[in-house]
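My structure is below; once you've seen it, I'll send some questions.
Labels run A, B, C and D following the written order; every chain starts at residue 1.
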Amino acid sequence: MSDFDCVIRGGTVATASDTFQADIGITQGRIAALGTKLGRGTREIDATGRLVLPGGIDSHVHVAQPSGSAAVSADTFASATLAAAFGGNSCIMPFALQEDGKSLRQAVSDYHALASGQCAVDYAFHLIVSRADAQTVGQDLPALIRDGYKSLKVYMTYDSLKLSDYDILKVMAVARRENAFVMVHAENDGVIRHLTEVLELAGQTAPIGHALSRPLLAEREAAGRAIALSEVAGVPIMIVHVSGRETMEEIRRAQSRGHPIHAETCPQYLVLTSDDLNDLNMDGEKFICSPPPRDLDSQKACWEGLRQVFAVFSSDHAPFRFGGGDGKRPEGKRTSFRWVPNGIPGIETRLPILFSEGVGKRRIDLNRFVALTATNHARLYGLKHKGTIAPGYDADIAIWHPEMEETISQAILHHGSDYTPYEGLKVKGWPVSLLLRGEPVILDRRLAGPVDRGRACDRAL
Amino acid sequence: MSDFDCVIRGGTVATASDTFQADIGITQGRIAALGTKLGRGTREIDATGRLVLPGGIDSHVHVAQPSGSAAVSADTFASATLAAAFGGNSCIMPFALQEDGKSLRQAVSDYHALASGQCAVDYAFHLIVSRADAQTVGQDLPALIRDGYKSLKVYMTYDSLKLSDYDILKVMAVARRENAFVMVHAENDGVIRHLTEVLELAGQTAPIGHALSRPLLAEREAAGRAIALSEVAGVPIMIVHVSGRETMEEIRRAQSRGHPIHAETCPQYLVLTSDDLNDLNMDGEKFICSPPPRDLDSQKACWEGLRQVFAVFSSDHAPFRFGGGDGKRPEGKRTSFRWVPNGIPGIETRLPILFSEGVGKRRIDLNRFVALTATNHARLYGLKHKGTIAPGYDADIAIWHPEMEETISQAILHHGSDYTPYEGLKVKGWPVSLLLRGEPVILDRRLAGPVDRGRACDRAL
Amino acid sequence: MSDFDCVIRGGTVATASDTFQADIGITQGRIAALGTKLGRGTREIDATGRLVLPGGIDSHVHVAQPSGSAAVSADTFASATLAAAFGGNSCIMPFALQEDGKSLRQAVSDYHALASGQCAVDYAFHLIVSRADAQTVGQDLPALIRDGYKSLKVYMTYDSLKLSDYDILKVMAVARRENAFVMVHAENDGVIRHLTEVLELAGQTAPIGHALSRPLLAEREAAGRAIALSEVAGVPIMIVHVSGRETMEEIRRAQSRGHPIHAETCPQYLVLTSDDLNDLNMDGEKFICSPPPRDLDSQKACWEGLRQVFAVFSSDHAPFRFGGGDGKRPEGKRTSFRWVPNGIPGIETRLPILFSEGVGKRRIDLNRFVALTATNHARLYGLKHKGTIAPGYDADIAIWHPEMEETISQAILHHGSDYTPYEGLKVKGWPVSLLLRGEPVILDRRLAGPVDRGRACDRAL
Amino acid sequence: MSDFDCVIRGGTVATASDTFQADIGITQGRIAALGTKLGRGTREIDATGRLVLPGGIDSHVHVAQPSGSAAVSADTFASATLAAAFGGNSCIMPFALQEDGKSLRQAVSDYHALASGQCAVDYAFHLIVSRADAQTVGQDLPALIRDGYKSLKVYMTYDSLKLSDYDILKVMAVARRENAFVMVHAENDGVIRHLTEVLELAGQTAPIGHALSRPLLAEREAAGRAIALSEVAGVPIMIVHVSGRETMEEIRRAQSRGHPIHAETCPQYLVLTSDDLNDLNMDGEKFICSPPPRDLDSQKACWEGLRQVFAVFSSDHAPFRFGGGDGKRPEGKRTSFRWVPNGIPGIETRLPILFSEGVGKRRIDLNRFVALTATNHARLYGLKHKGTIAPGYDADIAIWHPEMEETISQAILHHGSDYTPYEGLKVKGWPVSLLLRGEPVILDRRLAGPVDRGRACDRAL
């Protein structure tokens, strides 16, 4: 008789704080034991020479969301979660978007319907609050928070999403009372609108115009304002997708004042720059996301920030199809960068990029990698049983080959987009196997189990 | 035959940079000569033992403006300019407010009609741009700037005045193109609205609620935003009525980046605190202005700032009548601090307070006093021929008795308000005489000339 | 037959990143397994309702060191390590001080002789480099680092210890080449000497003079200088015993530049102030340590810093006897605070104070407590096998009763000093049992094993 | 009969705050009147189309000083002051250096002996305090301050000059008590010594080694320390020759705290960089000064600083002869940059460079130019009757041709050095005439008066 359902044997285990040699014994989907010499498992997985890490959690992904410019997102929950799994993730956090004319409660139901039974990994929804009307703020939002939707996002830009400062404060007040965590997309809407008009008037409609219309100071300003609002409301917040030094400086100043500001950065701010948007033809569209990638100094700043300022590293996966060289823009909307849907795919490449460029190049250590990619996501967003390797936690485990060399290419990816902005990037280190609650999804880079076991997570803050 | 129309003899003259003993010879309203032994004047004024300074310029006064809460401003141009003169000022800069349904051009005409022939001292109008519609931004504003209206003010709060970030950028773009100077009232409207509702819900409707609803961080945030907008637009701006350290820190950081941000503070931030609003009865209303006075640390910060951060020191004179103890609020609007008109009188007391508390207590020197109260106003707002004592400049001169002791009291003031928030403040040093373009308005604290010689100033930037 | 030598069963285990319910199986002094239901141990310890934490590591303690003022340190290795054990610590890091005329190599030998066979817990020595002569810097120091002495301390003050900037750079260059970690006592010697003379001339010789002669800015300056020197040398450093906000600001700025500055604070900067030195009689001497405790704002700053700026929390234990009310000063040296030996006892109270005031009052969470008191010490100073609870690590484990209430008092302590500066402080939470490499030293607050099993640790960086 | 001894007619006069058209009437060496139409002068100077400015004051020049490396300074008081006059200066402030074995009092006498009757312009000595012994600090220094030597300089580097922090505090305490102003040469001596040894060991002995051995952070550190010492002592200080952004940041932070730190920069930090030292042959020596010129970002920072951070702009003139291509180093001392005397000539080129690059390129305005080059020097160092154009002040006047184009070249200069580091720099605007106390020294770029009228200035603070 086996002692465990499964034993992962002989690997080097890393948590957000520790690294050690240990076998991992799994029973009923949970980690039952860590030990130097554990008993037999019904299934035995040899991890000799491998790193055994908590499965990645990507807390910032857009799946099956409509885009403001009417383009259709390129991923279903099936394709997104499969790509996530191949990229070393066992959990994603997509958004339940409150669209015009729909209640927040309905939005949540609709997204659950889309996800249910379709997911290769577990998931938990953030709410996007795009209206602060009485129904939303007075009834749906508090009720949903009590139902376990412990995180919500507000936007300071985009016509269909943005809330005024006054409305953000209303939402924050509910978050404070009900104990939810507020994420903020911080860019100054007026600046973007103004510069877009100025650029278009000057005939600058090429993709680089996207970057020029959303300068770092539009982000710095909005982040500073979001911080001020959170100080008024007395709530912690998460500034998502921070792209450069000046924004970080606002965050650091708030942290120095003792105010609990959390921040996130993404792969695009570490390895891309706005020069990538400056392609002579439409290829620049492949790199259009918001905020846009900045410059080399911003990259350097973001790398530094990963050691201290940033709590989480996410993909902001928002995939679109580029088509046959026609660009991301829908037919008839190719007159300006303004109509290019904002977003790039990244769910499958987030972890290899950070591992290779970060851990491999000694910019961060392995424990910090685990914290940034799994543990801190679970803690901040209240994913019970997720985010670490310890007895009692879900056996969500990624096994990494630390020496495997790979070149990122659309050909090897599983997302729904038809390109990757990281085409050609050479990396060292790859997640070769993934267990979801004790059952293999991928073994040695091959699909090795059902792709519909993913389920919604329990949450508590 | 006299050499000059008038000679002011034997005084100690101070400019923004220099202090020297000299006689001042005046011809045809202008300073013709400064010298150690000038010839005779048709009129001779003995200034032995006196300080002879450029007449004060108060570049932030509200005269005959309607208030958002329907209270009537307590001053006419006649009373305001008489008070200004008795307070040592030879020029004021009131606002031409674009009211709802009225064009900016019409507003300017209307205010000129109110002022013309009524003023004891010279004046120049700032424009208040309260709408960014095509008529205003596309036609009236550029034309008025070309007509010499080189300064304009935008508001980030007040329902009837506030512009969105987008609209502020539009206005700034015009200012950049036409070379005008933008003043900003920087307070975050959403924060104020939110906190006002929170306070009223909690029953905190007393005057102190005004201060609680407009915390320093609402000002800090808006100032930071205004700075960011000005960086986008590429224009210098003036942040008016800065009240405390955190706002100053935003300004200092911009100045350190090399961006031309100018700033103003006012007497209420040097000698009042929010405790003054905390009066048990309605007397707290006497101190309601926006931003509100803060605390002792903010006072300290503002004093430090007068040495370097602030370019100008103004009154933000906005007088209301308190009536027979009924408070400033109009009949039937006494349910909350929300309805108290924002503003306090200060046109007549600005200079004695800064002289006594600043120069007298060695916080600033006499040259800095001149710069802060006259020279820098003239330079920044383009008042040709004003702001200093030098050949060719208008003979706008205030003669101060540096040792005269006085107690500020409503009884000695000439403004239209029926109280002063500085009642009982003892000062040392008082402006005893004032010449407007060479002619006495006041001599030895008595009216000594016509009170209707004031005229609109020539301007250039 | 038992599966393990010992099993700690049913407790809540916390590491620097995770908290979980688990049994701990121990074999041959090491942690063999963590699991939800482990097999039998020869010894079974019930930890139900208890917290099971890594044994504390106190990386800043002075044991059996001479004091500059000739007073004898109040602790032997026997008493200090016993006190450490009762205070929840399984490892201390005392100093091997290079005294005048003695080689660094000899100092190490001498301290080992004092410690060997006397210690209740494990230990590892930091070197104190008090001369930068050719023998020390060219031979002894590199050789000792290669022998495993991976950390060394330099002083910027104290006549018998201080190195010049030039000499510190020499030492840092060796540390860089040989891969050792430099700790810095940062106070400006010239400022202290100057102010001491000024105070004595003014007759201010009472204990409070100690605090007045060592203002925070003397620490801020020296920390800034140490940081600059480390930037020149290209080495990370540890600024020890940081006492207030301004020093932290220097550290934060360096961290923001991406430079690896680490910092430590101590209990005295969290719960004492300089007012404690201001006692009317000699009792003020009980609180004399360097840097001195500051004020309430500094306490607040240090608490904030524990969340981010500080990597380690140590005691800076440096005990002296107060005698029969005669003060700490040796006979015949009672003319001035200058002669009071600098240092207070704290080895036994460090952890309960931080647990109660920090974890208990929600200023930090339990995982941060573990990081600050154990894990980070082990990582930064290269204590292999120490600092966490994971398979393969030394079974150095403290069991805490999180609800136990206690009042700190000399009567319950085991250190060699005859007083505690924390007399009367009420705390909640106490370390009731301690295992050293799998063997109990203390069980339920009673001595339960030999007190001489402590040994020198293996180290690697 | 003439009304004045001399009238300068028709020019545009500028002071530190004002610009105006006026004639200047001069009587008995002093300015008697400024006016739009003054009477006749015995001498009439036509300044139509010219700028009439206060004569430049260069408060940081080394004349006839020995260099630490035994090279002889290239200027006598005669040559230095003649060069100063041709460069638009009417007053210089050289140093009275206390050499080894000589009393400070004796040093002052010796320098007066060298200067007396030799100077083309006025002068006032700063003291250099190079020892803090009892005679110097207890007797000579206080007595000399009372005699009018109101400024003194301390060095933090150079073997023969440097004072310890403790000694600097002693000197500052005297300065506070006696009301003198302390100038600080701020570079960290230990860093320079360490890096010099490291560079020499690595064979990097070429001139660029000078820049590498004195990095900006050595200056930043020392400036920070000097500021801290001045805060302890409670005195304002002047940080001389600031060369880059990081040092400025230390100064700004102190100014923000309200502490009176003044700062100076020099032409070499505006138009040279360390690349100039990187010449393949010995020509790099021509640019060796301390601190060394930095990079383009530092230049940018210094230009920004001229608008606000810096109070004075000086030359730090310290000329050596380059000889026949043999470099500045004395015979037999050419093994390393270490032996190159530190210093470059600049007394004659300071004003044209700032005028052309600063005023001409609109980085500063004309009034700021006057403040930075004349008025602020007179105010801070207590030169009564100097530094502005106003009745009663010395008629020290420079007349500038604002449109004259010139190429800086050794051929047109009058200093004792045999090269200029600015060879080939094209400038627009040149000081064509100079009056010293009412008498012409230079008219239309030709010597027009005696060159021995310069005398020591009266001083008061």
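Assorted remarks:
Going forward, a residue touches a chain if its C-beta (ideal position, glycine included) is under 8 Å from a C-beta of that chain, and two chains touch if they have at least 3 such contacts.
Note that the coordinates shown come from a computational prediction; the quantities given were computed from them, not determined experimentally.
The minimal number of chain-to-chain contact steps leading from subunit A to subunit D is 2.
Relative to subunit B, the most remote chain by averaged C-alpha coordinates is C.
Of the two interfaces, B-D and C-D, the higher number of touching C-beta pairs belongs to B-D. A separation of 40 Å divides the Cα centre of subunit B from that of subunit D. Per-chain CA centroids place subunit C at a distance of 51 Å from subunit D. Shown for subunit B are the residues in touch with two or more other chains, of which there are none. The set of touching chain pairs reads A-B, A-C, B-D, C-D, using the touch definition from the header. Contact residues on subunit A toward subunit B in their complex (touch as defined above): 164-170, 173, 188-191, 193-195, 198, 215, 217-218, 220-221, 224-225, 228-229, 231-232. Touching subunit C in their complex are the following residues of subunit A: 13, 15-18, 20-22, 25, 30, 32-38, 249, 252, 255-256, 258, 300, 304, 307-308, 367, 371, 375, 388, 390-393.
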